[in-house]
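So that you can tell them apart, the chains are marked A, B, C, D and E in the order they are listed, and the count of residues begins at 1 in each.
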């Protein structure tokens, strides 16, 4: 730019209305808090940060439009945003074309690594596979029979495909796996839950791996409670249910059901306590919860700040290069490092729902886990790796053909 | 020959604007230096291109709703199908540049372990074939659907609801990964169209011009249809369907024709839309989208064609503007806009234009004495 | 000589307690490590001692109420009344700071262990309900160590229901035990066959597969067939029940629309938001009421939700819709706008997140009725739906208001000329339709998310129900809801929820071809007018 | 006593009534005659309040009613039998009649036997939907429905349209009976000249939105009126 | 159409035999039989609710009879055809309650009714032919609506709509005209004019007229059929039937 602007603009691209507002609104608030704090610390490169909030309204083409607006019109240096995969897919070409940076904070199905995107959420191996491992262990109840219950869209489909391959590789018989999909926003779970119950009464220890999305979760758990499926009979492990989602529920009947995530609000570390304090002060609500994607934004933002400082500029090209290797503390006492595949290292926690609605960790990985964005359990992606360092600079390098795929 | 439409002043103005925009946009976007006040930034081109597509959809919808009284809540299906047809072409254009470098299969098929291209995808590497499908698929669906519905004399809200059921069912079907169209994520990551990079400014400007021309053409076709005797019969069908039958008109054929024409237009709109927004996914089938399109028409002025296009642009502009300026309150603004338009502009935005020159002695409009027949029409 | 026996028992009890006092201590000590495997040992040992306070301690552990103070080596449990009791001595601790204590952590494996232990421990509980629960727990865990206690209790069980459960629990244990005499196992198979549920089926399956005793195997195979047939039957009935329950939800959601849309002809896109307001009213009522009154919250919420939605409905009618009569299609535009505004208003007011609405006790859980599982909450919703339907039908058919409302919608101008105050009728009718939607919201708050999007999820289905049934006819709405609900639930287990829904939509399209004016189409010249 | 004075009425830009005046006294029958489209129905719509007037006044029982909503006029005793019947098509015959209750106080909410003796066919069809009735039956229902409101001013727009001859006579007799029973002013718009002439106490002839002849029947010059009615 | 090839069953233009219609158990027509010769004009009278309109509904395909036969030109079974097909055979109808296209001008109403090809493509690509324009002109004069030609039909008075509908019927130029109460709401002079008009039409068309206006029926001077309770009560000249005791009893009154 010819003349220096006096602020650095940070784009926030989260739905504030429509179906996804439920999940995304808090992420916008977290970003506002993080920016506010950074400004209190004196900003970045001597300039203040200025948040630019837009509402893509849970509408995928609108995501692309708003992304373009943020970058072209508002000239933001970086964008934090998206929740669903499709919204990310929708904005992706825009980020590539206009060469800007997106921080994506939600666990997703993997099978992607882009130069302009930093994935701060979990890839399947950072969430789903450890969860299944835990359930197969003696501690987790030595589960032998599996229900993969999901909403009918890409994340569950892919995750379940990976899990299915993984389970089979562990010797689970095909008849001991039941895969089931329901439409978006499904609310009448009576039949499905009965089905699960029947499947689970075959005499082998059974567990449900839930990739049920968003709104459908509350009615699902209500029905579990109503039909009296206790965690001791058939535990349910979910990947997108945290304290936030549980806030809408009476937790009593759900005690012992599990969540696999990379962060829980209950994790007892000083950083976590401090951050939650700040968050509650910022939102002026002493009961506000903090969840995994929020932590992902926390990490992502700090990484970006560090990379900018390292590069000495907000120029996306330079920042992208500076990002790899940046390490910042996460909220659970570990360190998150940005890997060459643009994913970060994460610890995995398995928690059980307590009667007070909070989730208590019952198991955790010894250290952090590196993301496998290209799953070794899927045929097509088995041979791919990604590395955005020079000289490879490729998101989908095929080790067999020795070529960069696309 | 179809009677050449005698254009009213509004129509002429409309054509001048659309065709003018089509001609001017490439110049403003590409030739005029970027820092000039007249330069059109690329994101504005993309935005306007999108509006044009919506406007075509609105004109198509106005044709059936405004003139024939068919309140279709299924037009998003035709729009999306046209879009998918184009998306499939664009997908196949990617070729081996996909992440898995598979020369034939699109990425989503590779990672879901598909071995070969499903039949539905054959032929889509050809632009000609894809263009044909853009019109044929929505047209055939509309034909099949209309054939049964109009023959069975499904009218009014009953028709509206089954069109809605149609698009809803398609949405769910396309949502399924098994269906073979990319599931929820849809088709995306397009590279080029007819050899031109979809993301280049020139392609963008060209697509915009094409959309504007398509809008002008849709308008001309629609206008020709509605001023013909056929159009009069169709309006008569809207107001008193059974009376038209007693005059010997095959009402079902009349409806079927206009419905199919409209569906094809919607399909074309969808096809132009996809390369400009860069994604097509099942949410385009959403019944809510259809309702929104109906609202564009109503806001602009039902039964005026120009009004429909105007409404589409106005509402979408408002949406773009409000979501950027007051992201937390824009729903109030948009909702308020709808309420106010209904209350104060019963003829839609287009009514504003007529208000300004009331001098000409207009024939007395029949005061709204809602005959029961009309009410029924609304309620049924 | 009962007295002698009593003495003997007392002696036995006190001696064992004494004799095993240090066993209890040993067990309790293991809790201090707060490691899952150690805790599990502690549970098993504690149960094995049979100590009198073992159930209380285990119960507390399962509820996260067992606390330890590692520094002072004290282990206590909190009663439900918030008293602290020393686990070792059983005495109440006063004036102790609970903050110094740490909860003993548990996980699902431990919960199972507790359940099994509790089963054996509470088999002799004086409360028959507890005994029944214990028997069920044993049945599920098939904990062989409980066999003794089971048989002991069975020998003098007075309650026939509990006795049956005990027999079943015993059967579950012995049937797989090859050391048990054949006749006993065959009898066990029969007991399980009589029980005839999923669990017995899987047990019997195992017996049929594993047993090497031909007599037992034959009995098991026979029982297997019988249970299978029985269960197939049950599952059809069960799905029917689910269907009715789904239908009741659809009916509730749609019935207000049957008035505002069906009768008044207003294409009310804000209907879903009226439902949402009802749900939020429930939320507000629950947060405002003291916890002691939570049982009554829904009873309070019902009329309030009706009022809130009705008032908002009146406001919409007076401010917007009344200018649009005779232009029904434009009501679509205006009410869509209103719906956007209401959604955002609720979002601004309550936040975008789900709000928690809890179920009063009498509405949670489920019960078993002749082998069919019936969810209490759903049952209440069915009842509410029927009630609302009957009330509305009466209001429309048997009151002057209903008559006037229908007159106004059929011919507004003429109705006015007959002396009917059309404005007032419109207002009341809209209030009624909206109010009923609010009532639906109370019910939906029990089974769905209470979020600003709540209404959006139901609006399409509601219109389908009203239209499928035939516009302007409440019976049609009832039938439409029933058909859709039941068909959906019968299809779902066969082809899955997604395909089922698609098929249902296709069915609606085809059905309307056959009956272009809905199920309850009005016929004759009157309609063609 | 109804007194309409110099009213103007417009449909959009088109003027349908120009300074029309009309008087109708209690106990008398006033017939309004005129060709198609001269504004007879418009005049009646103005009286009952279905169309707003632009100028002039409408007084009923010494009260200005031109500003009142239609239902309030109905409650002041204005009963209306519109042209084209305007039956509530989906209400049964009984319900159609009962809509008239809205205009009267609770104790008067009954359907008099008198009505059924005037129109016996209605008694047979109480349960049938109004819209299913034949044209003539609907016309009878429309009159009966107006009577349920116990009007003091009965306004009828072409009540003989589509009615079989014997019943036309019956309707004439019924109107006479109502006049004779007293307490009611009656305004009838009619095309059927002989019938109207035999019925009228007063008459008015309209042409092009204005009253061109008016007076008492006994002073009426038949040829003059007929001239105004011819094409 | 296969009907075309069928041999004529009767020489009558319109032939109804034993037609019955019932609505929810109420018998609106009970074994009605009627035959109309080509070129004949027939007046139909009968009490309110006798089934006159229902009969027309049956002929035009709006209502399907429960039993009985309805033939047009001896070979078209009207009970199997739909409204548009029947209209295209040459059966035109004026409704009891005037129904016109309220959002079209008077002129366009006539244009839509005018005899011309009815297929989608014919109307789409063909404008109003000169013949049509001429016809419309003539009809406007006949119905005295020339002044109103540019007005929307919805703005016409009741009587004007009646005339317009008669005009539409003329424009359609069908072989058989079914006219339901054409003079309701007309002045005596207009009534006379209408009678004149119908007599004129009847020279080369067949006409069925339903009316309650005896003066009008007298002026038509044609054979009269009296319907009562869904079947024929009497038939003959007006004088004959008006002398019939039963007709006086149920219809004319004493």
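What we mean here is this: a contact is a pair of C-beta atoms (placed from the backbone, for glycine too) under 8 Å apart; a residue touches a chain by one contact, two chains touch by 3 or more.
Just so we're clear, the structure is a prediction, and the values are computed from it rather than from any experiment.
Put simply, the chain closest to the centre of the protein, by Cα centroids, is B.
Across the two candidate interfaces, B-C and D-E, the one carrying more C-beta contacts is B-C. Chain geometry summary: the mean Cα position of chain A and that of chain D are 75 Å apart. Centres computed as Cα averages put chain B at a distance of 44 Å from chain E. We define each chain's centre as the mean of its Cα atoms; on that basis chain A and chain C are separated by 31 Å. Between chain C and chain E the centroid-to-centroid distance comes to 65 Å (mean Cα coordinates, whole Å). Within chain A, the positions touching two or more other chains are listed as 16-17, 152, 181, 183.
Residue positions of chain E touching 2 or more other chains: 23, 155. Among the residues of chain C, those in touch with two or more other chains are 343-344, 410-411, 413, 456, 472, 498, 501, 524, 527, 529.
Listing the residues of chain C that touch chain A in their complex gives 36, 63-64, 105, 107-109, 111-112, 115, 140, 198-199, 201-203, 205-206, 235, 238-239, 242, 245-246, 249, 343-344, 347, 351-359, 364-366, 373, 375-378, 446-453, 456-457, 488-489, 492-493, 496-498, 501. Those residues of chain B whose C-beta lies close enough to touch chain A in the complex are 41-43, 46-47, 50, 97-102, 107-108, 110-113, 172, 175-177, 183-186, 188-190, 199, 277-279, 281, 283-284, 319-320, 323-324, 327-328, 330-331.
Taken together, the chain D residues at the contact with chain C in this complex read 48-50, 69-71, 74-75, 80, 82, 86, 88-91, 95, 98-104, 129-132, 145, 149.
Chain B contributes residues 1-3, 225, 228-230, 232-233, 235-236, 238-240, 242-251, 253-254, 257, 363-366, 371 to its touches with chain E in the complex. Chain contact summary for the complex, chain A toward chain C: residues 16-19, 21-22, 25-26, 138-141, 152, 180-183, 185-188, 190-192, 194-195, 197-198, 201-203, 215, 218-219, 222-223, 225-228, 230-233, 235, 244-245, 247-250, 253, 255-256, 258, 352, 354-355, 360, 362.
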